[in-house]
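What follows is a set of structures for review.
Next come two complexes, and both contain chain A; in the first it sits with chain B, in the second with chain C.
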Partner chain A sequence: MPDALDCELLVIGGGSTGAGVAWDAALRGLQVILVDRSDLATGTTGRFHGLLHSGARYVVRDPAGARDCARENAVLRRVAAPALEDTGGLFVTTPLDDVEYSNHFLAACPAAEVPVEEIPPAEALRREPRLNPAIRRAFSVRDASVDSWKLVWACAGGARELGARILPYHPVLALLRDGSRVTGARLRDLRGDRELEVRAECVVNAGGAWGGRIAGLAGLHVGVRPGKGVMVAVNHRLAGAVVNRCHLTGDGDIVVPSHSVSIIGTTDTAVEDPDDVEPTAAEVAAMLDAGDALLPGLSRARALRVWGGARPLLPRAEGPGIDHRAISRSHSVIRHSQVDGMAGLVTIVGGKLTTFRLMAEDTVDAVCQELGTDRRCATAETPIPVDGPHGHHRLSHRAEAFEHRLERSDGTDPLVCECEMVPRSELLAAARTHPGSDLDDLRRLLRIGMGPCQGGFCTFRTAAILHEAGLLDATRAVSVLLSFVEERWKGQRSVLWGQQLRQSHLDEWIFQGSLDLEHLPETSAPQSTRAQEPLPNGRDPLGRPLGTATAQDDRIASPPGPEPEP
Partner chain B sequence: MSARVDPMGSSDHLESGAALVRSSLDACIKCTICESACPFAVATPLFPGPKTVGPQAERFRSGLSSADWSVDYCSGCGICSRVCPQGVRIAEINAQARARLKERTGIPLRDQLLARPDVMGRLGQPVAPLFNRAVETPAVRTIMERTLGIHRSAAIPRVSPRTFQSWSRRHPPAPGPDRVVYFHGCSVNHFEPRLGRMVVAVLEHQGLRVDVPEQGCCGLPLQSNGNFPAARRYLTRLAHRLAAAADVSVIASSTSCGLMLKREGREILGVDDPALADVSRRTWDIFEFLRDLHERGLLRTDLQPVDLCVAYHAPCQQQNHLMGKPAIDILSLVPGLRIIELERDCCGVAGTYGLKREKHDISMSVGEDLFHDIRGLEPDAVLCDSETCRWQIAKATGYPVVHPVEILHRAYSGGGRPPRARG
Partner chain C sequence: MKVDALVIATGEGSLPLATGTIDVLGYSPGLVSSPFEALPTFLHANPEHPYRIAGIDGVEHALAWLAETAESLGYQGGLVRNRWVPTVLGGLRPTSMLPRSMVSADLHANAHAEIVVAGIRGYRDFHPALLAANLSLATPPSGGRTIRARATEVEWPGNSSDLVPFRLARRLEEAAVRREIANRIRPSLGGATAVAMPALLGRERWDEVHRDLEGRLERDVFEVPGLPPSLPGLRLSDCLRRALRRAGGRLLLGSSAVSATRVDGEVRSVTVTQAARHTEVKAGFVILATGGFAAGGIARDRDGTLREPLLGLPVHGPQVGAEPTSPRFLGSQPLDRAGVRTDPTGRPLDTAGEPWARNLYAAGAVLAGAVPWREKSGEGVALATAWAVTGAILGGAQ
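The block that comes next holds the complex of A and B.
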C-alpha cells in the first residue's frame, strides 16, 4: 500500500505555470501539492532564452497577446524584481527586413498598450556597437531578461512558506479516478524509491508540452503540439539589451542577454515528442548565420552550448499545412468537467513565461469554480520571494560579490567555478540547504559549469569539495561527476568548432588524461556518451575515427584507488 | 546614390583596435598559464590574477556598471598577454576595464599628477635645485605620502634645469641626406636630457640628420592611470607632430612610449587616427633601428673596447615590442664588454604603479628577485631600456642603472670620454 497524502489542489508540472499556480493557489488559502517528474523548471521553462517580452514581438500578429505581455511585464517588474534584469530591448530594421513592416509595427504598439520609442539608428549603434551598422530603423521597448529558475523556485518557495508541499522527482504514474472524476494521482518517488498517492479535490494539469500525456492518463485528448525551439549561448554578451529583428518573426531573429552570455533564438518546428528536442547541426548553423543580420560576426563568436526546448502550443485547428508560428501564443484553460465531463481536472496549455502569472490566475479561477469557492487572486500585488539583492538583477552582481569577498577574506574562500564566479562558501551553503542535490541541480542554483569551460575546471572541484564536506559519499560523488560531464558534453556537441573545440580538448585532457575519469574506483561504469554518440563527422571528441576510442577499455583493470566507503 | 550595403552586415568595425582586444576574451580556455606567469598575483592577495580580472571578469562587465576595483592592482606589465598561448589580450582588456572603472569612480589627484610627467617637469624646471632637494628630504616625502599618497621610498627622478628641447633647438642639425625623427618623450626632456644628447650623437654618428620636432607626452601614464580621454588627446597631438615629416623613421629611446606609438594607442585606447596609423608603421625602438641598420650593413662598427661587466634587464614593455633583445644584439659588437642577461620578468615599478603608497610594497616585492640577482652579480652597471625601471632598480639596489645606448655611446667615443654632440 503506497503512502498517501491529501490536499485540496494537486498541481502536476513544476515549470513556471505549475509553480505559478501553486503560488497563486497557496495565496488564496488552498492546500497545495506541486509535483514534477524531475527538478523544478527543467522542462520548457528551464530551456528557453530568458526573454521577458515587452509585447512588441506580437503587436502586429497577435495584439491581444501583446497586450497581455505588456501588462504582465509591468506586473513582474514589481513583484519579481530580483529575478529580472532590466536590459531594455531594441527592435531594428535590418536591410533584410521590410520597412513597411516597421510602419505597421509602430502603429500597432499603442493599440496593444506596448510602450515603444523610435530612436535614430545612430543612437541604437551607440548603445549597442555590435549591431548591424546598416540598420534603417530602431525602436526601444521594455524587453527584459528573466532568470526562469529563480522565478520558479521563488514561486515554489513562497507556496511552501504558505504550507504547500513541493515534490520534485515525483513522476505521475497514473491519475486516480472515481467514475467521471479525477481524485488525485499515483506518483513514483525517484529519490526515495517508493510510490505514493496524492488525493486531491482538484488536479491541475500544468504539464505544458507534456500536458497531452497527462490528460491521456485520464483518457482525455488535449491536442498539445510541442514546438521545438533551438537556442545557442555564446561566450559573452554581444549586446547589453535584448535585440530583435523588426519583422514578422523568423529563425534566429532575437538575441537575449542572460547573465554572462548572449542567447540567440530560436527556431520553431513541430515535434511529436516534447522530449525529442535535440538540436541538429543544420539548425544551429542556420540560426547563427541568420543572427549575423542582427549582430554581424555572431556566427563567428564563441558558441558555448546549444539546447532545445518544447513550446506547449495548442493549435486552434489541427491538420496538415498549419503554420506553426502563426498559432497564437495565448493560453487556454480547459475545465474538463465542461468539455469532456471529467470533473476535478483543469488543464492549462499554451502561453509563455512572460504571462505565467496571468495563466496561473486564470487557472486557479477555474479551480475555484471546480471547488465551488470564491477566492480573489493576489499575485498581482504580492511580491514573489525571489532570492537575491534588492532591486533588479544586474550583470555585475557576481563580480561585486567577488570583490567584497576579496576585500575581507584572506584567500580562504576560493572560486570553485571561475567562469561564473562561484566561491566555495556559496557552493557549500547551497548544497547544505538543498540536500540530495546532484551537480546539475547545483548548476541551476549557482550556474556552476555554465561558463566557457563548461565544467572542465569546476566539476571535479565541486564533487571533491562536496565529498570532503561529507555531503556526497564517494560512490555518489563519482556518479554525479560522470553524469554531469556527460550532460555538459551533450550541450556542446553541436557547437564544437574553433574556440569551444579547443576548450573541449583541454577539458578532455583534464578528465581523461589527468583524472582518468572513466576508471575512477567503485563506479558502476556508466556508459560513455562520448564513445556511444558520435560527432556528426563520425569522429570522437579527440578527432579519432570512431571505433578507435579507448574510453571503453576494460574497467576491471582499474588503477588502484582509495578504499570504497562502507 | 547610396553606397552598396551588405545586408548581412559587416563586422569590420569589430575586427580592429579596441573591439578586437575585448573580443579576444573568447579565446580563453582557462588554462591559467597567465596566472602562473603574473608577477603581481603572487605578490598580493588584492590582485586575484590576470585571468580572473581579465577574460573572466570581463564577461560580467557591461557599460560602466562594474564595480571591480581589483583590476586596478594589475600593473599593466603585459606579461600575461605575452605568455597566453591562445592570443587573449589580457593586459589590454584589463587596461580598458580600469579606464571604465575610473570613468565611474573618478581619478584621484595623485594619479592625475603622476600621469602627467611633462607637467611635473615643467613645474619643477624653473626651481630644479629646490625641487630636487625637496624630493630627497625625508620630511617632505612624508608629507607627500600623507597628502598625495606617493610612497616616501619610491624613486622620483631629478628634474633637469634645462630641457632636452632647449638644447636641441640650439643644436645645429647634421648635414646627412638621410633623416630620422627622434621621439624623446617626457623623461629625456625633463629628467634625462643627457641620454637624449647621447641618442642624437649615436644617430648622427651613423650619418643621419636627426630632427627633434616639438612633441609632448604620448599619454601612456594617463592610459595606465585610467584616463583614456586625456591619453587619446595627448597621443593624437603627438602623432600629428611626429607625422609632419613624412616617410621618415621615428626613433624612440623610451621603450614604453615607443610601444604606445606602435600599437597600444590603437589597441588599448582605440585611437583611430590616420596620423597615428602612419607614425605607428615607422616607429622604431632605438636598438631595433640600430640592429636593422646593422643587418643592412649600414651600422658603423668603429667601436672601441669598453672594459665593463654589465647586467642587462629587458623591461616588460621592451619585451612587449616582440622584437627580441636588440640591445644585446648590438652591444655584443662592443669589444671587451661583458653582458650578463638578467632573467627576471619585472622590476615591479610598472610606470607609476610602484610610486603609489598602497602599491609600493607590492612593487618592491615583485622586483625583489631581480634586485637579488643584481646584488649577487655585482656588475659595473645595470642596463635597462625603460626609465621608470632604471629609477626603481637604482633606488632598490644602489647600482648605477643606465640606458644601453650610453654604453654604445661610450664605445663610439673611444671608450674614454664620450664625444659631445656638435653644438
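The block that comes next holds the complex of A and C.
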C-alpha cells in the first residue's frame, strides 16, 4: 500500500499555469498539492522565448487575446515586478513587411486596449542603433522581458508559505477514479524511489502540451496539438528593447533581450510528441537569417545555444463545459463534469505565459464551481513573493550584488562561474535550500553554465564544491557532472560553427583531454562499494563539521533566478 | 644544417592551456598500456591517422628530441609503457612523458603507500576532496591495489582575495611563502609518501620550488594539472621558444598569415599582417601548423562548409548535409576528425589528391584523422608530425 496524502486540490504540472493555479487557489484558502514529473518550470515554461507580451502582436489577428495580454501585462508589472525587466518593445516595418499592415496595426491597438505610440524611424534607430536602417515605420509598445523561472518559483514559494505542498520530480502515473469522479492520482517519487497516492476533492490538469496525455489517464480525450518552436540565444544584447517585425506573424520575427544575451525566435510546427523538440540545423539557420531583417548582422553573431519548446495548442472546439466567457480566448478551461460527465477534474490548456494569472483565475473559478464554494480571486492585487531587489529586474543587478559582496568579503568566496558571476557562497546556499539538486537544477536557479563558455569551466568547480560541502558523494558528483555536460551538449550541437565551435572544441579538450571524464572510475567501471566515502560523524571529506543541510523534499526557496531555457 | 626559420603565430597556441604531459596514445579505443606495442595495430586500423606521416620511428625520435630540447624541465618517459597520472578530478590518465615536477605522479605500480592531496582554500580550480575520493576508487590499469588518498586544504598565507594561477605560482617562488605552505601541510602528512598539489609550483623557478617543497615535506611532491591556463604547459611553451631563439629562429607573435602566392606548384611567399601592416615573407618551405578548430586552423561555416582559412586547402570531414555530431557528448563525433589531408610525407593534398604545392607541409592539430583528446595523442601528434615534416624538408633540401 503506497503512502497517501490528502488535499482539496491536486494540481498536475508545475509550469507557469500550474504554479499560477496553486498560488491562486492557496490565496483563496484551498489546501493544495502541486506536482511535476520533473523540476518546476522545465516544460514549455522553461523553454519559451521570454517575452511579456504587450498584446501588440495579436491586435489584428486576435483582438480579444491582445486585450488579455495588455491587461495582464499591466497587472504583472504591479504584482511581479522583480521577475520582469522593463525593456520596452518596438514594432518596426522592415522593407520585407507590408506598410498596409502597419495601418491596420495602429488602428487596431486602441480597441484592444494596447498602448502604442508611433515614433519616427530615426528615433527608433537612436534608441536601437543596430536596427535595420531601412525600417519605414516604428511603434513603441509596453513589451518586457520576463524570467519564467523566477515567476514560477515565486508562485510555488508563495503557495507553500500558505500551506501548499510542492512536489517536483513526482510524475503522475495514473488518475484515481471512483465511478465517474476523479479522486486523486498515483505518483512516483523519483528521488525517494517510491510510489504514493494523493487523494483530492478536485484535480487540475495543467500539463500543457502533455495535457492530452494526462486527460487520457482518465480515459478522456483532450485534443492538444503540440506546436514546436525553436529559439537561438546569441551572445550580447543586440538591442536593449524587444524588437518585433510589424507584420501578421512569421518565423524568427522577434528578438528578446534576456539577461546578457539576445534570443531570436521562433517557429511553429506541429509535432506528435511534446518531448520531441530538438531544433534542426535548418531551423536554426532559418531563424538566424530571418533575424537579419530586424538586426542586420544577427546571423553572424555568436550563437551560444539553441532549444525548442512545445506550445500547448488546442484547436478551437465548442461545448457546454468549455468556457469561452469573452468572445475569443486563447486558453480553454474544460470542466470535464460538464463535457464528459467526469466530475472532479478540470483541464486548462492553451494560453501564454503572459496571461498565466488570468488562466489560473479562470481555472480556480471552475474548481470552486466543482467544489461548490464561492471564493474570490485575489491574485490581481496580491504581490507574488518574487525574490530580488524591489522594482523591476535590471541587467546590472547581478554585478551590483557581486560588488556588494566583494566589499564585505575576506576574499574566500571565489567565483564559481565567471560568465554569470556566481560565487561559491551563493552556490552552496542554493544547494542547501534545494537538497538533492543536480547541476541542471542549480543552473536554473543560478544560471551557472549559461554564459559563453557553456559550462567548460564552472561545471567541474560546481560538482567539486558540492562534494566538498558534503552535499554529494564522489560518485554522484561525477554522475551529475556527466549528465550536465551531456545536457549542455544538446543545446550546442546545432550551433557548431565560427566562434562557438572554437569554444566547444576547447571544452572537449578540457572535459575529455585534461579531465578525461570518459575514464573516471565511476564512468568506466561498475560502481564499487567504496563509492560512498566515509563521512565520519558529521564531518565533510575535509574533516570540517558539516553544514546544516536538511532534507525536505518539498522545500522551495527563491534564490535569484534566470532566464527561460533548457 | 643551419636553417633560417621564422614562426608566425596569431596567438600563444594550445600549449599554455595544455597539461604539459606528452601524450602519445592512451586509448585505441581500448586502454593502451604500451604505445610502442599498440601503434602498429592502431595505424593499421586508422590508416588516415597523422601518425602515419611519422611512423613509430618518427614518434620515438620526436620524443627524444623533446627530452633533449626541454632538458631543463626534466621530461622523462617514452613509448614503452604509459604513465598513469591523476587528473584534477581524480581519475587516472595515460601519458608517455612527464616533466620532473610530475614524475612521481606516475601511479603505475603502487608507487606510493598513501597520497595526501593538498589544496589551497579559495583557489577555485583544485578541489582536493573530490580528487582524493575519486583517486581512492581508481585502480592502476597495470594492476595492483587501489590507491590510498586523503585530502587536506590549507589557508593561503597572505591576501587570499585574488587566488589566480599566475599570481600563486609567482608567490610560491618566494621561500617564505613556501615555508609557510609546507608548515601548514605538514600536520596532515601522517604515513603518506607523496603529496599531490595543484600545478602552481612556480613558473621560471619551478625546479627550486619543487625541490624545496619535497625537502621540507620529506615526501615526493607532484603537480596535478587541471583547467587552463596551465603552468606546466606554459613552462614547456617558454622552453621551446627559448630553444627556437637559441637555434637562431625567430618568432613573430601576434602576427597572422593571411594568404600565400603559389607559382608553378610552389609557394613563393606568405603574406603576413602585423598591426595592420602587410609584409611579404619569402620562403623556401612553408609548414602549416595553424592548429585545429580551437586554434582557428580549421573552421566551419554555419551552412556546414569546412574550411582551411589560410590557403583554402580542402578539408576532409563530414560534408555539408552529413550529420557532423552525435547526440551524446561522449559519443563519436565525426566533426572531431576533420582536418587537412596529406601525402605520406606530410604535404597537404588538393581536391585532385595531388600535393597542393611541392614545398608546403602540414603538422599538428590541423591534420585530419586524429581525435587527440580522446585518444590522448595531442602533443604526440604535434611533435611527431613536426619532426617528420622538418625531416622531409631538411632531407629534401640537402
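The working rule: the second predicted complex is superposed on the first by the 508 of 566 C-alpha atoms of A that agree within 3 Å, B and C clash if a C-alpha of one lies under 4 Å from a C-alpha of the other, contacts with A are read in each partner's own complex, and residues count from 1 in each chain.
Heads up, the rule we're going with is that a contact is a pair of C-beta atoms (placed from the backbone, for glycine too) under 8 Å apart; a residue touches a chain by one contact, two chains touch by 3 or more.
Since the model is a prediction, treat every value here as computed from it, not as a measurement.
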Dominant contact partner of chain A by residue count, chain C or chain B: C
First, second, both or neither for A:Glu100, with chain B first and chain C second: neither
First (chain B), second (chain C), both or neither touched by A:Glu272: neither
First (chain B), second (chain C), both or neither touched by A:Asp374: neither
Partner chain(s) touched by A:Ser396 [first = chain B, second = chain C, both, neither]: first
Touched partner set for A:Ala474, first chain B, second chain C, both or neither: second
Partner chain(s) touched by A:Phe457 [first = chain B, second = chain C, both, neither]: both
Contacts of A:Leu515 with chain B and chain C, given as first, second, both or neither: second
Touching partner for A:Arg502 - first (chain B), second (chain C), both, neither: both
Footprint overlap on chain A, where chain B in one structure and chain C in the other make contact: 410-411, 415, 457, 502, 506
Chain B to chain A touching residues, read off their complex: 5-11, 13-15, 19, 23, 25-31, 45-46, 48, 51-52, 56-63, 65-70, 86
Sites on chain A touched by chain C in the complex: 281, 285, 288, 299, 409-416, 424, 457, 460-461, 463-465, 467-468, 473-475, 477-478, 482, 485-486, 488-490, 493, 496-498, 501-502, 505-506, 508-522, 525, 528, 530-531, 533, 540-542
Contacting residues of chain C [partner chain A, same complex]: 14, 17-19, 27, 31, 87-93, 121-125, 127-130, 132-134, 136-139, 146, 151-153, 159-163, 225-228, 230, 292-296, 299-304, 324-325, 327-330, 335-336, 372-374, 376, 378
Contacting residues of chain A [partner chain B, same complex]: 94-96, 129-130, 132-134, 235-237, 240, 257, 260-261, 292-297, 300-302, 394-396, 398-400, 402-403, 406, 410-411, 415, 418-419, 421, 451-453, 456-457, 499, 502-503, 506
